[in-house]
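Just so it is clear, A, B, C and D label the chains in written order, and each chain counts residues from 1 on its own.
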């Protein structure tokens, strides 16, 4: 029992990453009708916003320390971050330590800007083109974006730890009456889960309760009609793309302490996020979130030792198997609307 | 000729000429010249051109005609490859049984996958095919290791049973009735060096047959039905036609093409690894087809050639070679030029590929074929005959009164 | 006993009664119109007739055979063709190819893998298609891409595609929707001519009373999913129940 | 269409017909040579096939740096590096057999197909006489088989699976890097010493060949010393988040976690394990420990602070000679030339690639021929020293190098990103040597050398 609760917890956490990426992807699908293969790259760019901010905060100048030698026997060059000089080593170190949460503030404007530039500069011209062309151009863009990151940051993962305060884990099992050590959970993953919930709620309430959101939802349902009402839907869609980019980016920022980011992490998530969106049902925001959590939980449950012993390899294929079963039993995924991306 | 109209016959003859003369056409630069780096006329790459050409031609029969975008075709290529290598391990190093079995197995597997996946359309279909391919990949990499060799894949080995010719596989060389696929004849003329490879011509022969069959399918009533499915499936159903068997037939045919490509890959190079089935490999054939021009006959082959060229030629240019090229420049300028080009070559070949994708799709919405047509039109206009009219590749017009 | 019989058909969508106890008997070789205000259930009824929807209760028989549970292509093979509200044609194919497909379908049934034969060798089929194009005055446009035709031409092409299969029953879903008056009159003439020249039954679903009264021999008025009246056109005009149904809608 | 069917004579004829008008054409067939790609001019071309895209691109870049350095040293440039310490003295900085060394590079993409395509283009187009490099066993096995078929020498780069010199060994292929068995054999005694003989291990294993062999090697070696294996779970290669595999570990009764992961898998699983508090945890009254059988500097860099205190094994480390003395001579010479050229110390991947190139050049020089079969003969059973690993043997039975194995631990407070590990101990070569017919290596056959003639 405790093992299953533990895996459900794990699954919810994994699912929150899936749900966040899928949410942005389905927003773009739903509002713009664009198959965006560059969405994984947006997630990756978000993660590298965190890396960049942590680099900026640790900008240093070099002090030659004659008393120590480097590996070639030359005097050691010691790097002292400017922040340490300006605010004293302790405050400076704390600021650097908190670089990931601080990156949220940095990433929001950057990602919205990237999203808007992408939409205005490129995607806009592809609304009326076939999906095949959209795939080719966004895939090309994804490659270009990740190669640029690779050029500047290398291919190796870059450790970007969470603040000291969130390091380690706590014993969740004891709280609900299980033995010690049976259900432990890292603090940062809880933060991530909570953050995802807040972000999902924010996007939903934005769409639900603002006039802007209402217009966009109407536009998702019937673009031409809204256009006929004299509302400038294009401009709103541009902003929507910016928001979708920001959601993906924030998912990336907060993900960096969980796994060190590297330049191809976007591609790793791309296929999965498409599966999540489609299983959830095209054009359904709620479906994307639900499918994200569902697949996350099932993936976690399938990775339990006795399950693998029972069905070897099940942990390798569970997500795809579930996707097939759901799509065969529910033609448009969990909550898909008719006619979206079916042609 | 062969039941084709004049235009198609001309196209087929052109393809035959291009493939037969490829060792010359792809080696335009003398071996010692600075530009020899751009020569693509060596056996392995020529084989890859035609093999991926076959793969793309087959994929185009499904995607270009019916509009069903499969994201799992690499699985059929992989299954074909595994079938072929097992034939070589168990039966003979002769490529014929291997190729036949690869087509059969890929056909059966695509029948299964297609039968299930074609219950849905649009992106739901794409994700179903993707799911099947990813499952094949994951299982081949891990739990199916006894059959697939796992990560390290399968190779022909001396210790294999090989019932028909137990002593033939010393180095795992595939052959066609004794003619080894790796057999080369090279011709040196002046500074040029042309290599004629037995395997390449076997693969090229298969591609010409594949291409010919593809033309026949495009021009047949069946091909017309497939285009009708892409155009308006609802009307087709209300016309008394069941679209499912047509799409399934197209799916299986294209799966068999993929299997043939997989079998030929093993025939040319006797080894298989599971990453041949990874989703990026499926994505690659999608990109090849779109890049070349989906729905056109020869476009996918061009797209395949383009991507394979970038992968194999651009990735091998390194800074040392750049410095050689630009050594005629003053030092500072040379370094500057090399620095500017550096991100796009060698390990940066992906960047170049991404940029090419974007440029092609932005400026040539119909893929490389559209580029070709625009050039052709430019020449026509110069000659004074203005109206080009519609695109004959997309919309072949039957000529009923041609006897 | 008519060619198409609808008996006691009910269809609910959740809480909405879309069709309630519909009974219809359509006489062979007649032109039968179904009219009614928006939301009266006309489209639902049509979708039941072509197999797209299965009713909750009731039966639909065509020449004594039940159509329920059959797919659209099977119903087509029984001899029922459908013209859509917006012309459904193969927009990427040429006009001639649009005609060839129903010809092949008529000859070969729902599926035949003729993958290596060439279209050109099917002379009889091509002749049949060309003859039909001739009949609807579109022979000159045979090589045009269907998507580039005018709306009227698209409609004519669609009807030709239906007629070339020699259906026994032609279902027309608002064939003149969105047309200018002149086009509407042309279409009326075309339909009259078609009906006069072959053994065909027509069921027309229509908004436009001008069209209905020009063509129909019998009219059924549908309101809130139930047939209100069924009678000859003369009696429908000024029928109090009909007025009420239409006025009720506008009120 | 039958006229297009190939037969060699008609090809030659048509070739002649085309060429006749231009110049005097020369025609060669594959059988008309002493061996494949015999260097004819005054240069000899080596092919360096390394991952330049994909997750191992940085490792590939480091390998390529080492190759470039090796070529420079062979041609007499730089300070000569290990040429000065190498026990064999036949190389004199005038290239190989008087021919200047040139090289071509390619991208393996860490995919067998791409690696073979790249290697083939080097062989067929650039006339490479030897292929080296690579960063995974799948690629190594695939390229090794290719070189065997073609008749080229393959000097493996970083490949650790037993199969490379086990069931997939080939006469034309040579591995300097150590392997899974050696990792297990080297680690086990030190694990027992550091953590005690009464330990319960939990294995997380990457679900592919290298993972299987590594798990088997570590398991057998540790169980022989009294450890118990509580559980072993296979993880998909494409897994990025290992939380669901890590979470149950603490409650499983185990007190040691062995991560049979490499590259991105290892970085992520280790990061996750530390996140779940395994480093602070206690189990069975003992401090919980994590072990990573195969360490690499780049992985350590990716995992950051998380590797502190974690034991693993390496083929070589740049601090060896400084810390353990002259037995490992060559190390400092290499680190000095590499560090001066590139500004940071070399990785073990760079080291093995550099050494492989040197060993090949030396073998050719001793054999006085580029003929692959002569080179194979010169390398088989070759004993050497001064290449940074102490006395080393290239065993004739399986073409595997036998040398000391370095056991390392992640540093608690690294000074910079190149100084992430400390050397714990070196397990002497005798303890990691195994019989050629050891069950973990069963099923292979070197076959005969192939010169492509």
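To be clear about the criterion, contacts are C-beta pairs under 8 Å (C-beta built on N, C-alpha and C of every residue); 3 or more make two chains touch, one makes a residue touch a chain.
From a predicted model like this one, the values you see are computed outputs, not experimental measurements.
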Practice prompt. List the groups of chains still linked by touching once subunit B is ignored.
Written response: A, D | C
Worksheet item: What are the two chains with the most C-beta pairs touching?
Response: B-D
Worksheet item: Which one chain sits nearest the middle, judging by mean Cα positions?
Response: B
Worksheet item: If you average the CA atoms of subunit B and of subunit D, how far apart do the two points sit, in angstrom?
Response: 33
Fill in: Cα-centroid distance, subunit A relative to subunit C, in whole angstrom
51
Fill in: Chain centre separation (subunit C, subunit D; CA means) in Å
73
Response to the item:
Between subunit A and subunit D, the Cα-mean centres are separated in Å by 35
Worksheet entry | Shared interface positions of subunit D, touching two or more other chains | 53, 57, 61, 207, 234, 236, 238
Fill in: Multi-chain contact sites of subunit B, meaning residues that touch two or more partners
138, 141-143, 350
Fill in: Touching two or more other chains - residue numbers and ranges from subunit A
313, 316
Worksheet item: Could you list each pair of chains that touch, in label order?
Response: A-B, A-D, B-C, B-D
Fill in: Complex interface listing, subunit D residues touching subunit B
1, 4-8, 11-12, 15-16, 18-19, 22-23, 25-30, 52-53, 57, 60-61, 104-107, 111-114, 116-118, 120-121, 124-125, 136-138, 141-142, 145-146, 148-151, 161, 163, 168, 207-210, 212, 234, 236-238, 445, 447-448, 450
Worksheet item: In the complex of these two chains, what residues of subunit A are touching subunit B?
Response: 35, 122, 125, 129, 131-133, 135-137, 139-144, 146-148, 151, 267, 271, 274-275, 278-279, 282, 312-313, 316-317, 320-321, 323-324, 327-328, 331-333, 341-343
Discussion item. Going by the contact rule set out above, which residues of subunit B touch subunit D in the complex?
Written reply: 16, 20, 24, 39, 42-45, 48, 138, 141-143, 145, 150-153, 155, 157-159, 170-173, 179, 182-190, 194-196, 198, 201-202, 205, 208-209, 265, 269-271, 273, 275-276, 311-312, 315-316, 318, 346-347, 349-350
Response to the item:
Within the complex, subunit A is touched by subunit B residues 63, 67, 69, 116, 119-124, 127-128, 130-132, 134-135, 138-139, 141-144, 279-280, 283, 286-287, 290-291, 294, 343, 348, 350-351, 353-358, 360-362, 365
Worksheet, complete the sentence: Touching subunit D in the complex, subunit A uses residues 2-3, 6-7, 9-11, 13-14, 17, 71-72, 76, 150, 154-159, 161, 167-169, 179, 181-182, 184-186, 188-189, 257-260, 262, 264-265, 268-269, 299-300, 303-305, 308, 313, 315-316
